[in-house]
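Can you read through this structure? Questions will come right after.
A, B, C, D and E are the chain letters, set down in written order, and residue numbers restart from 1 in every chain.
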């Protein structure tokens, strides 16, 4: 059993879902996503037992490309995140009725397939294929099942697609360039190549463009809020929960080891850019009148911090980035799910039309509150661990940057509590609001459980990822 | 066997062909009457034929002249098809002014 | 050589079948015949990796026909494409049953011309091949005599095509003048020994210009959109897939065959033309409403992409073939859908595609896949084609042109996705209509081949 | 065994919280309250046993559970430490906590969400215990933020009112500003010491083998102090505390008077060895403390809301404690924390009793004459007022006097400030007392009819606390301080003990006289002249500045909140638009070029051919002629 | 001989120009026939009699007759061409000048040094030789040309066939 089983499970799942028909699609999709999660767990277990889970298949002779999938701590933790979140997301949508549900769920599983592939690929070209492949499903999910006014949605979604596509093409060029230097696309070979600083700079830039757009880092973020707002909640969750993590993962896996020189030289510029995103996103979040947009900008702020941590090139930064990716993945899915519940019941995304919900829904309020608190990194939640490590790594580069980045804990509290107050508190809303059902509650409880458990006992994850990160760090400092 | 190129020189034929070719080009650009444009194209092809024959003589090689036969076949085939199209246009539009064919654009 | 004879023979069988009133049998027989020819053709592939174009080749009839992997593979591609085109014919021409045999035989002769264009060993064969191809297309473009658009398309194509033929002929004459031969090997010999006179290179340039016209590269592209739009959709499909690729393949073969050393300026011109084609094609396509016209401009940009193979000619034969196969298979699939949607109603405005995702999900999916392939999105072979192309270009050290190509890929997404958007987000304005089986079959098979090619690129790359 | 007991101590309130959260709604009547009280009482009992154990053995109890976080140069464990300092704190946290829980059973009786109230209250106690018990800075930080959270939840307990919600939000955010400072301080300590354990840091400092220059420690100390400022409501982060009075009164008593706000003092005392290395920071602490004390007291002079007065009084008293910390007199600060916890809790609970009787009225201008109906409340309130005013033999006298005495020895200006603040305290406390309990009732007839003494569950804690306020000074009598000895192991540098000489007695006298001056002024104004504060609009001059709290909130709004929103608008309307404009501009450019391309495609064969010819010419010229 | 060449060349170019410039298509056609004859004269100068005859037969005899026939059919023997805009004429003249200049300049530049043209004395353009070359060496293109002609034939038929639906 190796990592390719995860991919196969998801791919078969996507096909099976499509052929299961609209009625059974969601259940089949859920089944396969859980199966994929189980397979991932088995793989993780195998890896922990010291077994080889890698899978290499010859593919193209010239240029020399093989489908090589490598499972180490870093990639498998991301795969775990992906498969678990996919299951949660599918679970979260079970209540919804989608037109053409079979396509919808098949696309979700296919997207999970592509994302898992991105995380596992150790061959640059295969990695790129998976990277691009993940873009197609989300494009259609946002386009077809999205909300809001159709013309505006189209415009935003296509902007998103072109934008991200544009960025990643330059990455492809960088890969090909590296191939010309080494005659191989495999990660192992590429990191060994000796490049001049100038070459490294351009390669770094090409990668940066791809990742900065996907993450997004300001000023490449303009697609984000609109797409989050217009995509269906499942799409938004996929985007914010997993997809943008692909980019940060890629920074750690590809960009930094391949071009460490510019990463070191421009470290401060990069970090400041990311940290500026933190403040910028937070302040913009304060001004949002739209619930999903607000969450989008909050996501911008959080991921900015994660990226900043990754660019510190310290173990703490990398580890914090990975931990925070996981934590943020869960919390943002939870938040968007909460938003989805509100939006579904009130049929609006305008914050001004909400308020006075708490009085009607004690359970929902509590769960939402915990998610809000986790998102502002209250200690004892998983997010705190990540954020602490990130800020600590920032402090290692420059204490003032840490202070600037640390404003996220103030501004984050500001906009999140403000949002919570406006959405949930106040006199009872005229519109009735049913409390969460068992299914909805289950999703929340799962997410909250994960956040709290790992908030107190993150050791399994830390032990799992640290060797891989140390390895990466050695490559960066080679 | 005597050869004209001993007296005239190949370059003269090249210039002549070139000029004739240019006249053909000019005709295609200058006229709007489709038939005359066809004729201009025939002039172009003939210019080339002349050149081929000149080179054939220059190299004292029969292949050039054989090629002229193919060129003639092509010219004939083209004219046949061209005229068929022209007739079709004439049937529809009742004229053969090329400027009336501007519907497809943009 | 047998391929060529078999194809011509098949054409004649079609004509004879019409005489004996066997009209119903024409299409099945042709398709079976073509598939048989395809097998016959594929037998020629030795199945070993051949890096050099000139190795492992056999010549026939005084070097008139040269058979090598390059020619065989391209011939196979052309045969496949023609099979698709023939399969589309009966439904497309159902209003003109009497002309069916003519259409099919012309397509077969056109195929013969195309095959000659990739397996010639002599300028005469090349010239005749390109003329057969062109003349067939003039006829096909104008093949709706009652329709003014079709007339106009035919006339424009004919006038400009003849003009270009004149240039090609002029170029051939000059090359003959410089080397004293029409035989490619002899020309190569003359050039490599330095025996070629000074006219050689002007001749090559004129020939190049003529071929650039045939592949519709800027600034010789003006005919393409108008002709594509005016011609019957099936003809447009032929032009944008088979004809374009045949011209490109011939161009490549010719340049590789006779050009020993190309001066820098020549390559620069090709690069400039390539870049211009990409930009003009993609930018103008952004503003098109007619799907055929849009595909015409997209074809111009693809011609620009294909011209990039001249950045590193010695090793790009495989890349060119792959690109051509990817592009044409996607193109055929796309046109099959376009034809099925627009029928012969002679209106291919993009609003016709509104809501296709609902009324006919399968066709919508095929068209989407085809467009994604053309845009260069992974798993479709169009992506791999671009990848191999970029790979070769970077191998030649041309980073700048790769960047430009990348920018153009991005632009192209704009218009490909416009159509996809229309299919999936807009409400249908047309009543749902049944799609003939042939259209569906062709579309699906073509796109499956495209994807298959994407997943197993070595399938064809190994032979070139 | 110790571990289990300690976990019981820690988790008892948490279990109470869980039960109340999940099952509270189904529990009827007072059951949630009783449950909550029992939970905290359990903790108190365990604390007591530990307290007795440690005060006799003098050996702290260390509990190491499991690894929590991993950083480059150190690991952080979930670990607890029960030493003298933490046990002392736990004693009064759980003790007063129990009393206040008990009080709340009756006070919150009518509230529909009473189970939630007790859940939050229990959660608070849990986090407070975590804060105090933690054996490293990060555990403290968990508690630190946790109590902030509970404070947020409880201030905004009546969430239908958006003013309350705003107050809660403000408290949380201002706390978070301090928390950022705390975090930065933690980072720096992490760099310097490669650990966040108190014991490790202390050992490192005492072994004298520091690698970093001491300014790193100073900055760390300063950052930690910022954290303390936020939590303990010192300038400039004090404005949330008066607003926090929006919460139910027991909350104000427990969180915003007795326990949470003293977390800053706990932290500094906990890290006293560190602050000793940073005299500049100590100076700052002392000055900030003194100034806060004075400013808060001056604002308190003129407030009319009974709880607001108490809130400013709390800020002022906390200022005094920081003054003591700044002077290095940690035991004295702790002493004042304890006495203050007693009398201030009593005062708040008393005011709660009054408010309860007045049906929610908090404005003193509409009270008066309550001593006749509310005897117990009045007496306990009087005792506490005397204690806070610093009259012997009440506990406040001893603690406050020691602070002033230390200030007199170390820094005369600060002594003056502290003394003035004390006089003011005496004045406004007695003003409060007179306005509330003396003269005639000024409320409505309706209210008058319902005036009544509070039930036993409310008065019992009052009585207990009043007694403690009365005798609490005994733990550290001048000259014979049990507290000093008890705390000696945790305080690195013992402050030199003042021998009770003439100066000291004279200072005591001065303090007492000062208190009497304040009381006398209040008596003169509110009893003799029977004056009642006028309406808001009648206030003029400096009094208006005071009444409006020096306009600090307005200044903060104008200087910080407004600019942030303005920045947000700027980002939203200018930068976002500019960036997307640029991106869309590229798309537009492509479209414009496309349109140009369309016009070029004009349909005329003549033009096409002409372009063709031009193309030929330019190619040939380029290749053959342009050289 | 040179004189003959110049005269013939002048006639060729002149009639070519007149073909283009005459307003009446019939006149154009007649000038073109003249032009073809002069080209045949050139062929004769080259001693390529067979080619000259074929040329006249094919061009003047077949192609031009076809054209004239079409002109007659369409009744175009009048000067009804609309006046072209000045711009068009100007552009055409510019193009002529440009192309002529560029091509001539190129050829002058590319002109190889011709050192004493040698005549081998071998027969290369008698009918016998041509026939051998055409039907041996160039047999395949010769056959292939038939496909070309077939295509044009089918094409012409296709384009002008009257439709009668019989099914």
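One rule holds for everything that comes next: a residue touches a chain if its C-beta (ideal position, glycine included) is under 8 Å from a C-beta of that chain, and two chains touch if they have at least 3 such contacts.
Each chain and its UniProt protein: A = NADH-quinone oxidoreductase subunit M; B = NADH-quinone oxidoreductase subunit K; C = NADH-quinone oxidoreductase subunit N; D = NADH:ubiquinone oxidoreductase subunit L; E = NADH-quinone oxidoreductase subunit J.
Since the structure is predicted, the reported quantities are computational estimates derived from the model, not experimental observations.
> Among all the other chains, which ones are in touch with both chain D and chain E?
Intersection of chain D and chain E contact lists gives B, C.
> With contacts defined as at the top, give the pair, A-C or B-E, that has more of them.
B-E
> Name the chain with the Cα centroid closest to the overall protein Cα centroid.
A
> Going by C-alpha centroids, which chain is farthest from chain D? Tell me that one.
E
> Any idea how many Å lie between the Cα centroids of chain A and chain E?
Between these chains, centre-to-centre, one finds 70 Å.
> Could you state the distance in Å from the CA-based centre of chain B to that of chain C?
Computed value for the inter-centroid distance: 27 Å.
> With chain centres defined as C-alpha means, what is the inter-centre distance between chain C and chain D in Å?
Averaging C-alpha atoms per chain gives centres 78 Å apart.
> Averaged over CA atoms, how far is the centre of chain B from the centre of chain D? Could you give it in whole Å?
That gives a centre separation of 98 Å.
> Can you list the residues of chain D that touch 2 or more other chains?
587, 598, 601, 603, 605-606, 609-610, 613-614, 616, 620, 624
> If you look at chain A, which of its residues touch at least two other chains?
162
> Which chain B residues sit where two or more other chains touch them?
10, 14, 21, 24-25, 28-29, 32, 54, 58, 61, 63, 66, 70, 74, 77-78, 81, 84-86, 88, 98-99, 101, 103-106
> Pairwise, which chains touch?
A-C, A-D, B-C, B-D, B-E, C-D, C-E, D-E
> Would you mind writing out the residues of chain D in touch with chain E in their complex?
Residues in contact with chain E: 606, 610, 613-614, 616-617, 620-621, 624-625.
> Mind pulling up the chain C residues that touch chain E in the complex?
Chain C reaches chain E through residues 4, 8, 11, 15, 60-62, 64-65, 95-99, 102-103, 105-106, 109-110, 112-113, 116, 122, 124-125, 128-129, 131-132, 135-136, 138-139, 142-143, 145, 197-199, 201-202.
> Mind listing the chain D positions that touch chain B in their complex?
598, 601-606, 609-610, 613
> Would you mind writing out the residues of chain D in touch with chain C in their complex?
587, 590-591, 593-595, 597-598, 600-601, 603, 605, 607-609, 611-612, 614-616, 619-620, 622-624
> Which residues, counting only chain B, touch chain D once they are in their complex?
The contact residues of chain B facing chain D are 25, 28-29, 32, 98-99, 101-106.
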